[in-house]
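Note that subunit A is present in both complexes that follow, paired respectively with subunit B and with subunit C.
Entry: the complex of A and B
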C-alpha cells in the first residue's frame, strides 16, 4: 500500500509541476519501438532521434515510457518473437520498422487483437489492422530524373545505382527512375549496378562497369552510394557527371568540396531518419483517441544547392541529414491524409 | 609429363583460366577500349579479397570444421578504430596500423580461446565472436565516418608503374604466405593437421600451437584488410566488411584449396579474387538483370569448382 501511495503522490507532484498543456490523456501509456536492424548510419541516426525526442516526451509526461528494442539478426522470426514479448510486457502501442512487409503479419495481428496500436514506418507491414507511415519511393526515384531534366535539358546517358537486389525498396525506387526516364526520353540508362546502399560496394560496382560505358551525364542513386560512385569516377579521367546524392554526410561533404572548387551542382534526396519520431507522435495521437487514416505518407527531405551549407552544418559527422518531428508535424501529416 | 599437362594438373589453374575468359569477354564489349581501366579496377578490388582470402585459406587448411566467420566484423572494428585514432593525421599512420593489428590479435586470441578452452566448434565460436566485435564497432563509432590521413588515402587509391598500390601490398603478403605455406615447417604442420589431426598429434606436431597461430594470422590479415579498405574508400563504415564473409570463403574454394583441408595454394586466391570481381563486372556490362545475374554468378562458380575439383581427384 505504501508503495502505491508513494507512486500516486509522485504522480500527483509530477502533474502539479507540469504546465497544464503538457498533460495528455496518454500520460500513463507505454510505447515500444521494435526495430529490425541497427548496423548502418541511417539506423543509428534513427535510434538517436528516437531516444532524444521520446526522452523529452517521457520527461514532459506525455507518455509513461518509450523503449527502443532492436533485434540482433535482422530476421523476421526474431522480430515476431520480439513483438510477442512486447504484447506480454503490456505496451499500449508498438512502433515498428519491420524486417518484412508480410512475415510479421501474424505477430502484428496478435498485437492488434490484444488491443495494442501498431504503427509501422519505413519498413511497413501489410496487415490491415496496423497503421503505415510509408515512403513514396517511386516518387523519390522519379523526382531525380525530373531534377536532371531541368539541369541537363539536352539529356544524356545515365548510370543507375540500385540498392540491395530483391528488396522491395530497391524495386520501387528503380521503377520510379525508369518511369522518370520514360517521362523524359532524352535520358537513357546505359548501365545499372547494385551498390547495396553502401559506399564501398557502390564504388566497387561502379569501378567495374565504368570502363565499358560511354560518356555519362548523370548518376541516379538510392542513397548511401553517391560518394562511392564519385570516388570510382574520380579515379578515372572522366568528367564528373551530376550525381544525385542521398543526404549522407560524406556525400554532402564531397558535394560541398566540389561546389567550392568548381561550382558543382546537384541535389540530394532521402528520408530523414527522424521519421521514427514522426511514427512515435502518430502512435501517441492514436492513443490519444485521434481518428487517423491507416495510410500516411512521409515527406522527403530534399537538399538543394542553396540550402546545402545549412543542412551540412546540422548533420553529424558520419551521419545522415536529419529532421526530428514534433507533435505538430505529426498532426499536420495526419490532417493532410484526411 | 609435358609442362602443359603439368600446368593443367595444378588446382589453381582453373580459377586463372576462368578469370581470363571473363576478362576477355568483358573487354570485347568495348572492342578492347576498356582493357586498362578494367584490369586496374580488377587488381585494386581483388587485393582486398586476396588479403582476407589468404587468412581464411590458412584456417581452412586446418581441416574439416575450421573456418573463421569473424572476418567481416574484425575488418569493420579495425577500420573504424584505426581511423578514429588517426583522425586524419598523417603522423598517426603507424600507431593506427599497430592498433589495427592489435585488434586482429585480440580477436584471434578470443576466437581460439572459445574454440579451445570452451570447446565450441569454430563455426559457432567465430560467429559469436563476430557479434561481440561488430557490437564493439557499433559502440565505438556509431556510424561515424572519419576521413583517412591524406597520405594513406593517396597511397591506397594510386598506382605505381600502372599497378595499383593495394595490389602490391597484396602481392607482398601473398609472397610471405607462399613462403610460409610451402617452405616452412609451420606450413607442413598445418597441412598435416588438415589431413589428419590425430596423426599429426602422434607425429609430435604442436597441434594447438599451430592452430592458435593460424587463427591469429587470419584475424590479423582481416584487420589489415579492414585498415586498407577504410583508407581506400574514404572512411570506415559499419557495414564495410559484410561482403567479405562469403567472399573470403569463395576465393579459397574457387582457388582450388581443398575444402576438407590439408591442401592449399596461394596463386589460386589471386585467380579466384580477380574472377569474383570480373564476373560481376561482366554481367553488369552485359546489362543482365539482378536475378539472372545472381543465378549466373552461382552457376559459374559451381562450374569452376567442379572443373577444379574434378581434375584433382585423378591427380591425387
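Entry: the complex of A and C
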C-alpha cells in the first residue's frame, strides 16, 4: 500500500514538475545573437533588452548561454564570417539581425546544415531554412488611418510625412497608408513630404508645405517625425490636427504636455527594440522542439491615450518606447501564426 | 654560422609566421576549428578576399593604388547573380568588357598622367552605380556551377585551402616567372629604364590593370558562390582589406616589390584575425582597434626585419 502511495505521489510530483522539465530541455543549449550594427538609440536599446532578458533566462537555467556579438563594421561579408565563427563555437541557435537579406544566405545555410537553428528578426534573411520574425510595415501604415477613422468619423484632409526616400521601409509604410485611405475614402491625402525619420528634417519639410495646404485634420507619420511636424504646425495659427506619433521620447513628451493642457488625443505606433528578446524566446521554443512556422510577424508597440503616462515613464530621454517580451508572449505569437 | 636567406624569402617569413601564430591561437581557443569542416568554415570567406588582394597587388606592382576594387567586386557579384545565371553569354560578355574597362582605366591613367587614386575612386562610384542599377534590391541567385565549385569537398584538404594554394601558385607564376610579370614589376620599380629598354609602358600598365580586373572578377564570382546571392554593397570592405592584405604579405606601396604568395597569406591572416578576435570575445567597440593593432604589430616586425636585412647587405 505504502509503496503504491509513494509511487502515486512520485507520479504526481513528476506531473507537477512537467512544465519545469519542459523548460529544462533547453538548459544545456547555447544561443548567440549576431548583430550587424549598434550605432543608434534603437539598436542600443535592442542590445540592452537582449542582455537584460537573456541574462535572467541564463540565471534561471532556461538556456546555458545567450551571448551577443556585434560586427565591428556594418558589412555583410563580416557578418557572414561572424556566423561561420558561431558555427565553430558550437552554438545551438543563432538569433540574427542581418546586414543584408540575401548576402548572408550562404553562411546561414552552412549553419542550418550544421544543425543550428537560425532565427532572423528586423533585418531578416531570405534563406528558406531560417526563421523570420518580420515587421508588417504595411499594417503599421494602415492602422494609422484606421485609428483616425474612429477618431474623425467625418474624415478630412491628411498630410503624409514619409521617411527616407528609396528605402524599403518607407515604401512599405507609405503603401500601407495609401491602402488605408482607399479603405476609408472619407480621408484624402493632400500633401506628402519626406521627413527622413528625423524631427528637424520633418519640421522644415512640413513648414515648407503648410502654406499651400487646405485645412488638415490629421497627420500620418512613420516615426521620428511627429514632434517636428507638431512644432511646424504650432508656429502657424492653424488648429492642431491629430498627429500620429512614433514612440520617440520627444514625441510622447509633447503629447503628454498637450494632453494635460487641452486634452489632446492621438496614438503612437512603432516597433519596440525589445523584439530581439522575442526572437530569443522563439529560438528557445524551437530548440525546445516546438513546431514553429518559418514566418512570424512582430506585434507593434502601440501607445494610446490611457497608457501614455506609463510608457513615457519607461522611456529614456532621447530614446524609444520599448517593451521586452516574455516566453509567454513568444508562445502567443507562435500560436497566432499557426 | 650565418644563415643567409634571399630577400624574397625574408619577405615571406613574417607573413607566414604571423599566419602560423594566429592559426595556432585560433586552434587553442577553439579546438573545434581543427578539422576539415572547421578549417573550411574558418577560411572559405578568405578565398574571395585573396583573389581581390591579388588584383590589388597587380595595381600596386605598377606603383598605383586601386580604390575601386570593393565596388567592382560588388558589381561583378551582381552580374554573377543575375546575368551570368539567366543568360550566361550576356553575363560573360559583360564581365569580359568590364575587364576591358579596367585595362582602359590603366591606359587613361598612364596617358594622361593622372593619379590612380583619383581615377579609381571615381570609377568606384561608376561600379557602385551600375551594381545598384543591376540589383536595386538585394537578391539574385548564384549559378549552380559557381555554387558547386565553392562548396566542393575535395579529399584531404578543404576547398578554402586548395583554392588559396591554386591562387597563390597561379599568381606566383604570372608575376615571378613570366616575362610579363617581370615587365610589370619593372614598370613599378623603374619606369624609365624599362621604357629605355624598348618596352611599351602603356601596354604593361594596361596588362597590369587587365589582370587586376580578371582576378577581381574571379573574386566576385567566388563571393557569390559562397553567399548564394548578391547585394550591391556586398564587398565594399574589400578595397581596404585588399590593400592591407598586400602590405601584410610583404608588398610595398613603392611599386615593384610585391609577393603573390605573401598576398594570399596576408588575406588569410586578415580573415583569421577577425575570427581570432571574435573567439576572444573582444567587445565590438574594441575590435576594429584590435584588428589595427595586429596589423601594426606585423608591420613593425617587418620593419625590424628590413633593418636586419639591410645591415646584412652592408658587411
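What we mean here is this: the second predicted complex is superposed on the first by the 312 of 338 C-alpha atoms of A that agree within 3 Å, B and C clash if a C-alpha of one lies under 4 Å from a C-alpha of the other, contacts with A are read in each partner's own complex, and residues count from 1 in each chain.
What we mean here is this: contacts are C-beta pairs under 8 Å (C-beta built on N, C-alpha and C of every residue); 3 or more make two chains touch, one makes a residue touch a chain.
Values in this document were obtained by computation on a predicted structure and should not be read as measured data.
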Room on subunit A for both subunit B and subunit C (clash or fit): fit
So in the superposed three-chain picture, is A:228 touching just subunit B, just subunit C, both, or none of them (first/second/both/neither)? first
One more residue to check, A:194. First (subunit B), second (subunit C), both or neither? first
Let me test your reading of the model: by the given contact rule, A:308 touches which partner, first (subunit B), second (subunit C), both or neither? neither
Please indicate which partner A:88 is in contact with in the superposed arrangement: first for subunit B, second for subunit C, both, or neither. second
Could you say whether A:298 touches subunit B, subunit C, both of them, or neither, answering first, second, both or neither? neither
Touching partner for A:71 - first (subunit B), second (subunit C), both, neither: second
So, A:318: does it touch subunit B (first), subunit C (second), both, or neither? first
Could you say whether A:38 touches subunit B, subunit C, both of them, or neither, answering first, second, both or neither? both
To be precise, I mean the smallest distance between any C-alpha of subunit B and any C-alpha of subunit C in the superposed model; what is it in Å? 7
Report, in rising order, the residues of subunit A that make contact with subunit B in one complex and with subunit C in the other. 38, 72
In the complex, subunit A residues that touch subunit C: 38, 67, 69-73, 75-78, 80-82, 84-85, 87-90, 100-107, 109-110, 126-127, 168
Note: in the complex, subunit B contacts subunit A through residues 26-27, 29-30, 33-38, 41-42, 44-45, 131, 134, 138, 141-146, 157, 229, 233-235, 237-240, 242-243, 277-278, 280-281, 284-285, 287, 290-291, 293-294
Which positions of subunit A touch subunit B when the two form their complex? 38-41, 44-45, 48, 72, 162, 165-166, 191-194, 196, 198-201, 203-205, 207-212, 227-228, 231, 235-236, 249-250, 317-319
Residues of subunit C touching subunit A in their complex? 30, 32-33, 38, 41-42, 44-45, 137-140, 223, 225-231, 233-238, 271, 274-275, 278-279, 281, 284, 287-288, 291
